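In the two complexes that follow, chain A is the common piece, with chain B as its partner first and chain C second.
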Partner chain A sequence: MASVAKSHRAAATPYRRTWHGSRDALVLLAFVLVPFALEMFWTFWPALNSLYISLTRWDGISPPEFIGLDNYLQMWSDSTFLLALRNTVLWLVLFGGLSVLGGFGLALLLDKPRRGVGVYRAIFFLPVVFSMVVTALVWRMIYQPDGVVNGLLSAVGLDDLTKIWLGDPDTALYALIVPALWRQMGYIMVLFLAGLKTVDPLLHEAARTDGAGTFQRFRHITLPQLRPITTIVLAVTVIDALRSFDIVWALTKGGPYHSSELLSTYQFSTGVLGSQLGYGSALAVVIFILAVGTIIVYVLRNLGEEETA
Partner chain B sequence: MTAVQAPARMARRRVRTWLFHLGMPVLAALWLFPLALVVITSLRTFDDLATSGLASLPQGLTADPYREALASGEWRSILNSLLITVPVVLVTLVLASMAAYGLARHRIPFRRTMLLLMLAGNLLPAQLLLIPVLKLTEQFGLFDSLIGMIVVQTAVGLGFYTFVLHGFMRGIPQELTQAARMDGATTFGVYLRIILPLTKPALAALGSLCFTWTFNDLVWSITLLRSEDKLPVTPAILGMQGEFVSSWNVIAAATVIAAIPTVIVFLRFQRYFISGLLIGSSR
Partner chain C sequence: MSQRHESRRDVNRHVSRRGFLAGFGALGIASTLGACATSTSPRPAAGGASSTGLVLKSRESSDNARKGMQALLDEFAKRHPQYTTTLNTMEAAAFQQQIRADLTLSTPPDVLTWFAGEIASDFAQQGLLLDVTSVFPAQGYSEQFAKLSTDATGKKIFIPTVYYWWGVFYRKSFFDKWGVAEPKTWDEFIALCKTLQGKGVSPLALPLADAAWLTASWFDYLNLRINGADFHRALLAGQEAYTDARVTKVLDTWKEVLPYFDPDSKGLASTEGYAKWQQGKDAMFLCGPFLADAMPADVKDDISFFQFPIVDPAVPVAEEAPLDGFIASAHTANPEGAKAFLGFVATPEAQELYLKISGNALLPANSGAKSPISTPLLEKGRAMVAGAADVTQFFNRDTNDDQLNALTTALVRFIDEPDNGAEIQKQWQSDSAKARGN
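Our next item is the complex of A and B:
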């Protein structure tokens, strides 16, 4: 490292300055273009490819056959796709909604300096550092037939409520949302804690002297001031919710009978593990459209509200 | 008016403080319960679990499950994880800081467009990339190799780190780099001796984030790797479920081991980690 620095200092001596400038420009070009090209090649190029593959029938071995929008039309008569779409929307609403509400609640509780606040924040944040797979294995033990949930239910005499939580089509999806929330809430909490720091305490003081109650101050001072961070949280949540894959793959692989199937797991089973690469790519495009669509709807609604306000 | 309200408000605040100190420990205990359960289970014997079940108090503690988990090849998969994660973190920080430096401190044409394109590339859902990237790695002979994992995970994540570092580097005063320029420093010299040292806090934050995200990855490793001896620990412990069907103590021990590296990074870089998540949220 030192020798590099030295050689560059030598290059700065006056008589070499004439071509020093152009070499500098080349270095700069490389600085920007190498990372840029690397990322574009492994993101946009594959994404465009996916778009094209979604218009073909392809088993991954013989050459792909162009079939236009057939894959997209076929979806609407595919009951697994419809179930996965329903589950994905449900996941977006439940996982997304509850993690934002829960994370916001935790942030409100832990915003003011009280004894132990730092420790509590660390505890709620801790699951964020675990992988979804670690989270999944931890919760698998809780959900086992002889696990804690059933153990507790039997202990209080509710034996008839005990279930194979992950093996029952009625409960599998909801049983997956709980560990996902356990891991996500701490993350959302940290985001909102940062947002709450930006709320001006003088505004609260002024409203209090004017006789505003706790709820009124919350509704008319805290919430409006949190708007920027709320936008960020919602974007993060939508992207995370639609990307959710690991927890489902680790615990049920979308089963039993596709009851916990999400678009992401269905896409993986058909396109990556299976041999329907065209159909799998079309499913990926649907996930992409859902993500972009949800965020655009939110942004538009927000703009509309700001204009009327 | 306020003089009358003050005592009532004080009383209400005291009640709230009491409720906080009663409720919070319960909530925190609930949050920690799953972790306690997995640690305790990892220290129990197979016979103990087989006779009294997972939801019971342990009859005695043993470290054998850890020995068994490590003997079954978890060492190998932890090593694979580190062989992927450490290069990804280093290369990502080098490349992202280079790009951010160029885009933030120089008048390069289309710099805004390039930055936004890189960020947009990072926001594309992985599902949209899996199939074509799988085919690309096959073409380049990178399929089922650790190098392939390193290349793909680095390339796919770059946009986010570049974006954050760009914001950070723009805040460094122009006078500092101009002074160095006057002294004859080159582009590379300014980057190495002025910008990088000043960017250290952001690099630490992003490095710890990058470490956890890469270490915790599942979807890329099960897409791009086939050989069992190349699997990182995250997919490997999933596979162990099949091997140790009802040996919950061994699976619990393997889970604890797999969580240790990220917990160490979290504890070591705790301050940076949380600020990293905060800047991370502005993506």
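Our next item is the complex of A and C:
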């Protein structure tokens, strides 16, 4: 309809047509450029700026002093950075690995329709609904010196094992991973439940007719069919692991003496709370590279596999 | 009336979508060109007409303190009706994070709440603070407070209004029940701790779960008592190293009382620590009077404190007396108004007014002012600070938060590994130097 009207007018006044066309193009261009400009200003410009700041020594007031890659070189002799890096990798492996395994296990258990399965699903999903700060409050009480964990241990006669879980450098990081897992597993479970729904029951039917056992069907039908959802789960897990901050900050702030420090909390305490904006920005750049790097490697590998498949 | 209404609608109609988009685009481009995150260029000289608005940015976010600030502004506006005042309150942590940006803005808040110490001197050195020498009262401030308000070039850049103190707080009724008395010296203090522990009471509170910074109070006081205020300042300024034998001595002395701290310290949040102290499960708490502020009314009268015990009688006694007050931005569009306000808050009447409305357990900095709600606790604190040979602010006021991070890392680790002092001191010195950027 619109094109008819346009061509009709075009025949009558060719000059107006070009003018009108360019006006539409302008509006379209504006629709692209304005959000682009805003995105540039609010996202890319600050990101580029922090890249520049990471090459300086700057306290936020006096003029920044350009020092090249010094901040990045300094990291390798900074024992706190190395500890935070180690903890972040440990976090990625434990939090990421266990939440995927646990979430997948829960999804398999709760996939089949049976009495009360909805209630169980709801229970496991519930922690996802709480804000991380609320979660932290609950777990702070659980971990308190005379809290639930120590209370249970004493009740069964294991007084020797009672600890100040969040105040002991040997246990703090693991004590933080538990509530993070508690939350993440429910989330991963829901993703896998959705995935399991897409598995065609006819395939299982056919395999059963051909005499395939439960494990064979799981290995050769369920797992391959879950491929697309697994990609999403892994991407989500890597991103969530690297940006984990709230639970750590709310419970230990990276302490005691940096034993539960992650790159994200170290970056926050040096660059945001402290006044080492140059070094803090360099840390942010490292986190960015780690996150984007992991995901790019994964996506490329996946694309390659899809092409060969 | 109706005509004006019509024309406004007309205007609305003419703000077309295209105009809106164009305007938005221009905004984006202009800000992209103009903004640079690290630009700290000084503001061009304020153009001619000076403003009559006066914005006070305050970090006192509790309800009563906010009312106190508002009362100050109202009273000021009554005396100087030519200025229109605005109170802008921000939660303390966010305030602290933003003050650097605030002071470098081209249209900064005119006056701000702040505290005496290293950071204020830093601001002054960067030329960010208004010279308020002309309104600093010749009488009323002690020599120490006047010195803390002065920058390196001798200009006054800070107006102190209130201060508090640190001491070892206890509840009188519990001390009576246990039959113990205030100690004066370090040896008496250790003996007291031993007695209390013998009675099944945890002698010392130090809740660290969310307040690791409290360790700084122990370090400050032991260093002041053992090595004196001059060494303390030199150490904090980076002129002495944390590997120094004198710091070792501080840690060794602290080690003597570590067994008397509540063993749950590291798992307790500060409010939980307050509660344990209130219930008498922990007997003593090196703290400021904000501990008393956090107590229910019927407990308040039962609270007392004693001066941190003397370790070496040869060292002149210094006390921590953190000093709060106001600064004015050097870039203010209303320097006359800002100075007038700072001159006003320096007066005893203004300080009494603020304390009366806010009800905080703080002391007025101007010695001409009386505490409107005088309690034995406040008078004891005032007498202790007045009798001190020197005053310091507090670790992170005398330095900054980066240095505080290095300290808490070292001291919390020392609590766990008291035999690993040398290694911890080495790491501390390295963290501290790194935070200083060398």
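Operating definition for what follows: the second predicted complex is superposed on the first by the 260 of 309 C-alpha atoms of A that agree within 3 Å, B and C clash if a C-alpha of one lies under 4 Å from a C-alpha of the other, contacts with A are read in each partner's own complex, and residues count from 1 in each chain.
Please note the rule applied: contacts are C-beta pairs under 8 Å (C-beta built on N, C-alpha and C of every residue); 3 or more make two chains touch, one makes a residue touch a chain.
Because the structure is a prediction, the values reported are computed rather than measured.
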- In the overlay, answer first, second, both or neither for which of chain B and chain C A:Ser131 touches. first
- In the superposed arrangement, which partner chain does A:Ala107 touch: chain B (first), chain C (second), both, or neither? neither
- Message: Quick one: is A:Leu283 in contact with chain B, with chain C, with both, or with neither? Answer first, second, both or neither.
- Response: first
- Task: Check whether A:Asp78 is in contact with chain B, with chain C, with both or with neither, and answer first, second, both or neither.
- Result: second
- Task: Answer with first, second, both or neither: which of chain B and chain C does A:Val233 touch in the superposed model?
- Result: first
- Classify the contacts of A:Ser264 with the two partner chains as first (chain B alone), second (chain C alone), both, or neither. first
- Task: Determine, under the contact definition given at the top, whether A:Ala180 touches first (chain B), second (chain C), both, or neither.
- Result: neither
- Can A:Trp139 be said to touch chain B (first), chain C (second), both, or neither? first
- Query: Does the superposition put A:Gly255 against chain B (first), chain C (second), both, or neither?
  - Reply: second
- chain A positions touched by chain B in one structure and by chain C in the second: 27, 31, 34, 38, 40-41, 45-46, 49-50, 53, 60, 140, 144, 146, 272
- Footprint of chain B on chain A - complex, ascending: 1, 4-5, 8-9, 11-13, 20, 23-24, 27-28, 31-32, 34-36, 38-47, 49-50, 53, 60, 109, 114-116, 119-120, 122-134, 136-142, 144, 146-148, 150-152, 179, 182, 187, 190-191, 194, 209, 211, 229, 232-233, 236, 239, 242-243, 245-246, 249-250, 263-264, 267-268, 271-272, 277, 280-281, 283-285, 287-288, 291
- What residues on chain A touch chain C, complex-wise? 27, 30-31, 33-34, 37-38, 40-41, 45-46, 49-50, 52-53, 56-64, 74, 78-80, 140, 143-146, 164-169, 252-253, 255-258, 269-270, 272-276
- Could you pull out which chain C residues touch chain A in their complex? 18, 21-22, 24-25, 28-29, 31-32, 35-38, 40, 97, 100-101, 103-104, 122-123, 126, 128, 208-210, 212, 264-269, 272, 400-402, 405, 408-410, 412-413, 416, 427, 431, 434-435, 437
- Quick one: which bits of chain B touch chain A in the complex? Just the residue numbers, please. 1-2, 17, 20-21, 24, 28, 31-32, 34-35, 37-38, 41, 53-56, 95-96, 98-99, 101-103, 106, 108, 111, 114, 117-118, 121-136, 151-152, 154-156, 158-159, 162, 183-189, 191-193, 212, 215-219, 222-223, 234-235, 237-238, 241, 248, 251-252, 255, 258-259, 262-263, 265-266, 270, 273-274, 277-278, 281-283
